[in-house]
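Per-chain residue numbering starts at 1, and chain names A, B and C are given in the order in which the chains are listed.
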C-alpha cells in the first residue's frame, strides 16, 4: 500500500463531495416536508462551500476562499434561516403531491444525470482538479429544473432555483479555477440572494391572497 | 487442507454463535437509546434454547412444505454466510459461489419462508408472504446494481477477490462510486433484514408486520430454526456490507495469527459500528407506510445507478 | 440413423393414431407410444452426436427434388440443429409419456386419434424445422407447424375463447411467416440459391441497408414466434386454451423455433453484426423479461400465468444472445461464446421447466377441472407427487440455486458483468443495467411462483373441486418426473452438459469453452475468463447435506422430550378459519399491482349495500380490472386504422362488372406508362 499524495487525496475528496451534493439533490426530490427540504439545501450548500475551500487550498487561489465564505454565510446560514422563518409564518409545512411520484421522478433524475454525464464527456480534459465535477454540476442544474417543474409550492420552487444556482457555482469552481473573475461570481451570488428575498415576499403575498402557495393558482390572475 | 477445514468449522461456529448475539446487541442498544432497560444482549441465546425445548404445534392445514421450510431457511443462510469472507479473505466456500450465489441462496430461503407463511391457511401468513416477496423484489435490483458496481471496479464477482482488491488501495474507499454503492446497500440492508423504516421487528401488529407474520404459525424447534436463520441472514448481509464494501483490516490468504487477531478485532468493531448506525436509524425514524417503501428503495436503486455512472467517469 | 428412426416413428405414430381413431385406447397407445419412442431416439441421437464433436456434421440429404431445378427439400444436421433436436426430443419424450395418461380424460368426449395424430405431426414438423437444409424445407415445415398448432389451439372448439385464440394465433403466425419470407428473399436474391450452405455469411455481400432491413425483418418475424414484447399478444391467449400437453409443447418447444431462427440467421447468415443489432436485442430481451413477469404476476389463471412466464424467459434468452452479438461486434469471441452458451443453456432449461410446469398445471386442471387459482388450494396434501414436481419447476424457473434456472442465469450475469469492460462507449452501461433488470425479473418470478405454488397447492381448498381432487395417474407422474429429473441434472451437473454445447459454440462463435468453464474435475463452474467468478451447485448441495447435522444435533440435545401436536391454525378467537379468510391470488399480488399501477392501470369498483351501518354490509360487489395496455394502446389503434382504410377502399367495390374492368384496364395502362 503506498501512501497517497496530497493531490491524490484532493482529487478523491472533490468528486466525493460533488457526488454527495447530487445525492442530497435526489433526497430533496423525494422529500416533501418543507423544513427538511430547507435543511437538505443547507447541507448541499455546505458541501459546495467545502469544495470551494478545497479548491482554494490546492491552488492557493485567494478569491475562491471568498466564494467559500460567502456560500457558507449566505446559503448555509442566512437563506435557510430566512426560508425557515417564512415557513413558520405562512404555516404550511408540507408540499402537496408532486406531478410525478417519487420513484418516477427518481428515474427521470437518473436519466438526466446520465444526460449530464454524456454531454460533458468531451470536456473532461479541461478540468484541473476532481475530474468530471462538471458533469455533476450539469446534473444538478438539470435536476433542479426538473424539481421546479415537478412541484407546486412556490417555496419548493425557490429551493429548486437555489439548487440550480448551486450547480452553476459548482461548475464555476470546478471548471474555471482561475478563470471566472470574482466580480462575476459575486454578481451571480447577490443576484440570487435578491431574487430569493423577492420570491420570499411573493410567496407570502400569494399565501395572503389565495390562502395557498400553490403557484397553479396564479392562473386566476388572468383577466 | 487442515487449515481449510479449520477455516470452515471456525466460520460455521462464528456464524452460528455471533448472529444471535448481534441481534441481542441491537435490541439492547435500541432499548437503551429509547430510555428502556431492554433485554440483555445474550437473551437471544436463551430464547433459542427455550424454543428448542418446547413442544411444537403444527397447523392441521399445513402440508409437507411447512416442515421443510425451516431447514431450507436455516441452511441457506448458513451456506450463504460461508461464502462471505468474515475474518480472513478467502471465504471457506469461495469456490462454490460468489456474490450471485449468496444472493441466490438468500432468495431460496426467502422463497421457502414465504411458502411456509402461506401453508397454514392463515390470513396473516399470506399477508406477510405477499409483502415480503414484494419488498424483496423491488430491493433486489438495487442490491444487485450496488454489488455489480464493486464487482466491476474489482473485476470479479468473487467476494474474496473484491474484498482484497478494494483493500489494496484503502484511499479508494472514498471514491464516490464506492460510497454511493455503500449507501444503496445500507438501505437494502434495512429492507432485507426487516428494520424499521420498512418493517418492525418488535411488533406483532398486523399493520406493520412482514417477517413476523410469516412466522406466526411456527412454534418450538421450527421457530428456533427460523429465528436463528433470520439472525444469521442479518449477520451475513452486515458482513457483506462491512467486509466487501469496506474491507479495512481484513486478513489476506496466508495471514499470521497476529494478523488474524487484528482482522477479527477490526471485523467486530466494524460490525458493532454498523449495528450502532442501524440502531440510530431505527430509533430516529418512523415506520413507513407500505406503499411509501418503494420510494425508499427506488432511491437506493438510483443511488446504485449513480454509483455505476461514477465508476464510468472517475477512473 | 437414429434420427431417421425417430422421424419414421413420428410418421408411423401419426398414421397409426389417425387410422385407429375409432378405437380410442389403441389410438392413444399407438400415437403417444410411438411419439415417446421417437423422442427417445432423438435424445440418444443428439446427445451422441453432440458428444462426438465436430465429426458429426453430416452432408445435406435431399429428401425430394422437384421438377423445377431449385425446388428441393433438403435436410442437413449440424451442431446447432442437433442441440435443438435434443430439446424437442427430450421434451417430446416426457410429454408423450404424460399424454398417455392425460388423453384418457378425452375418452368419449373428443377424438383422441386426432389429438395423438396431430401431436405426432407437430413433433415431426418441429424436428424438420430444426434440421432443414434449405429454404423450401424450412418454410414448408414452418408453415405446417403453424397450421398444426392452430388446429391444436382450437382443439376444444366448443369454447368461444379457444376459437378466438385460434384466430389471433393464425393471424400472428402469418405475419411472422411474411416477415421471415421477406427476410429470406433479401438474403436469397444475393446468394442466388436457396440452400443454407450458400447463405452462409451472405450478409457480407449485401449493402448495409439491406442487411439492417433483413435483420429487422427477422427480428420481427422470429420475435413474433418467440413472443417478444410487444409482439407477444397472441402467446398468453393461445397457449392456455390448447390441451395441457400441447400447451407444454408450445411453450417448451415451439417458441424456441423463433430462438433457433434468430441464432441461425444472426450468427451464420447475416455476417459481422453492427453494435446496434446486439443492443436492440438486449434491450428487447430486457423489456420482455420484465414486462412478461409483471403481467404473469397479475394472472390468476394458472396456465395464462405460465404463458406469460414464457415471454419473460424468452427475454432472458434474448439478453444472452444480444450480449453475444455485441461481443462479436467488439471482437471478444470468448465472451461471445460465453453469452451464447448462457442463452442456449437457458433455452433448454426453459424448455424443460416450462414443460414441467405446464404438465403440472395439466395434472391440476385434470384433477380440479378449473384453471382459476382462486378455486384451488390444499392440493399439496391431495396430490403429493404433482406438488413436489411443480415445486421443482417453480424453484428452477425462479432462478434459485441449486436448480438449472440458476445456472443459466448465472452464466448470463457473468457475460453481462464481463461485458462492461469490452467497450468504452456509453453502450456498456446496458450490461450492468440489464443485469439489474435480470435481478428484478428473478425476484419478481420468485414472488410469482410463491403465489402460483402457494395459492394452488398450499393452505385450505378454496372450492369443492379442489377438495375432491385426486392424484394424477402414473404415466402423468412419470412424464413430470422425467422433466423434474432433467431440471435437477441440468442444475447440478452443468459442467457435464456444457461439453455438449462445445460443437455449437465452435460452429457459431469459433470457440470451445467447456474446458475453461470447468474447474476441480467438473465440480465447479467458472466464468470463462480471469475476471469471472465461480459457482458450484453440486458443491452447495453437498455442503447443505454436510450442515444438515447441525439442526439435527440440536434436536438430539435439546428437543428430546418435545412433542408435536396437530392443531387448528390460530383463528383470532373466531370459530374456525374458512377458506374465504385465506389470502387470495389477487390479494397476494396487490402490493405489486399498486406499485406498478402506471403500467397496469388497475380499476376497481366496490358496491356495498347496508341497512344501518356500513360495517355490516348485506351485499358486497367487488370488481377489478386492468387495462391491457398493449391491446388498447398499440394494437387497437392499428386495427381501427386498418378498418378505416378498408372502409375508404370499399368505395372501389361498385358491384358492376364494367367498373372492375375499368380498374384492370387503368392498371394495365398505368403499368405500360410506367414501363416507358
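Quick note on the criterion: a contact is a pair of C-beta atoms (placed from the backbone, for glycine too) under 8 Å apart; a residue touches a chain by one contact, two chains touch by 3 or more.
Just so you know, these numbers come straight off a predicted model, no measurement behind them.
Of all chain pairs, the one linked by the largest number of contacting C-beta pairs is B-C.
Central chain assignment: C. Criterion: smallest distance from chain C-alpha mean to the mean of all protein C-alpha atoms. Rounded to whole angstrom units, the spacing between the C-alpha centres of chain A and chain B is 36.
Centre-to-centre, using mean CA coordinates, chain A is 50 Å away from chain C. Counting partner chains per residue, chain B shows two or more touched chains at residues 294, 301, 305, 309, 312. Annotation for chain C: residues touching 2 or more other chains are 429.
For chain A, residues touching at least two other chains, in rising order: 114. Against chain B, in their complex, chain C makes its touches with residues 377-378, 380-381, 384, 387, 391, 395, 398-401, 406, 410, 413-414, 417, 420-421, 428-429, 432-433, 435-440, 442-444, 446-447, 449-451, 453-455, 457-460, 519-520, 524, 527, 531-536, 539-540, 543-544, 547-548, 550-551, 554-555, 558-559, 561-570, 577, 579, 581-583, 587-592, 594-595.
Within the complex formed with chain C, the residues of chain B that make contact are 12, 16, 49, 52-61, 63-65, 70-71, 74-75, 78-79, 82, 93-101, 103-105, 107-108, 110-111, 114-115, 118-123, 125-127, 129-131, 133-134, 136-145, 148-149, 151-152, 155-158, 216-217, 220-221, 224-225, 290-291, 294, 301, 304-305, 308-309, 312.
If you check the complex, the residues on chain A that touch chain B are 1, 4, 8-9, 12-13, 15-16, 18-20, 22-23, 26-27, 30, 101-103, 106-107, 109-110, 113-114, 117, 124, 131-132, 135. Listed in rising order, the residues of chain B touching chain A in the complex are 168-172, 174-176, 179-180, 183, 294-295, 298-299, 301-303, 305-306, 309-310, 312-314.
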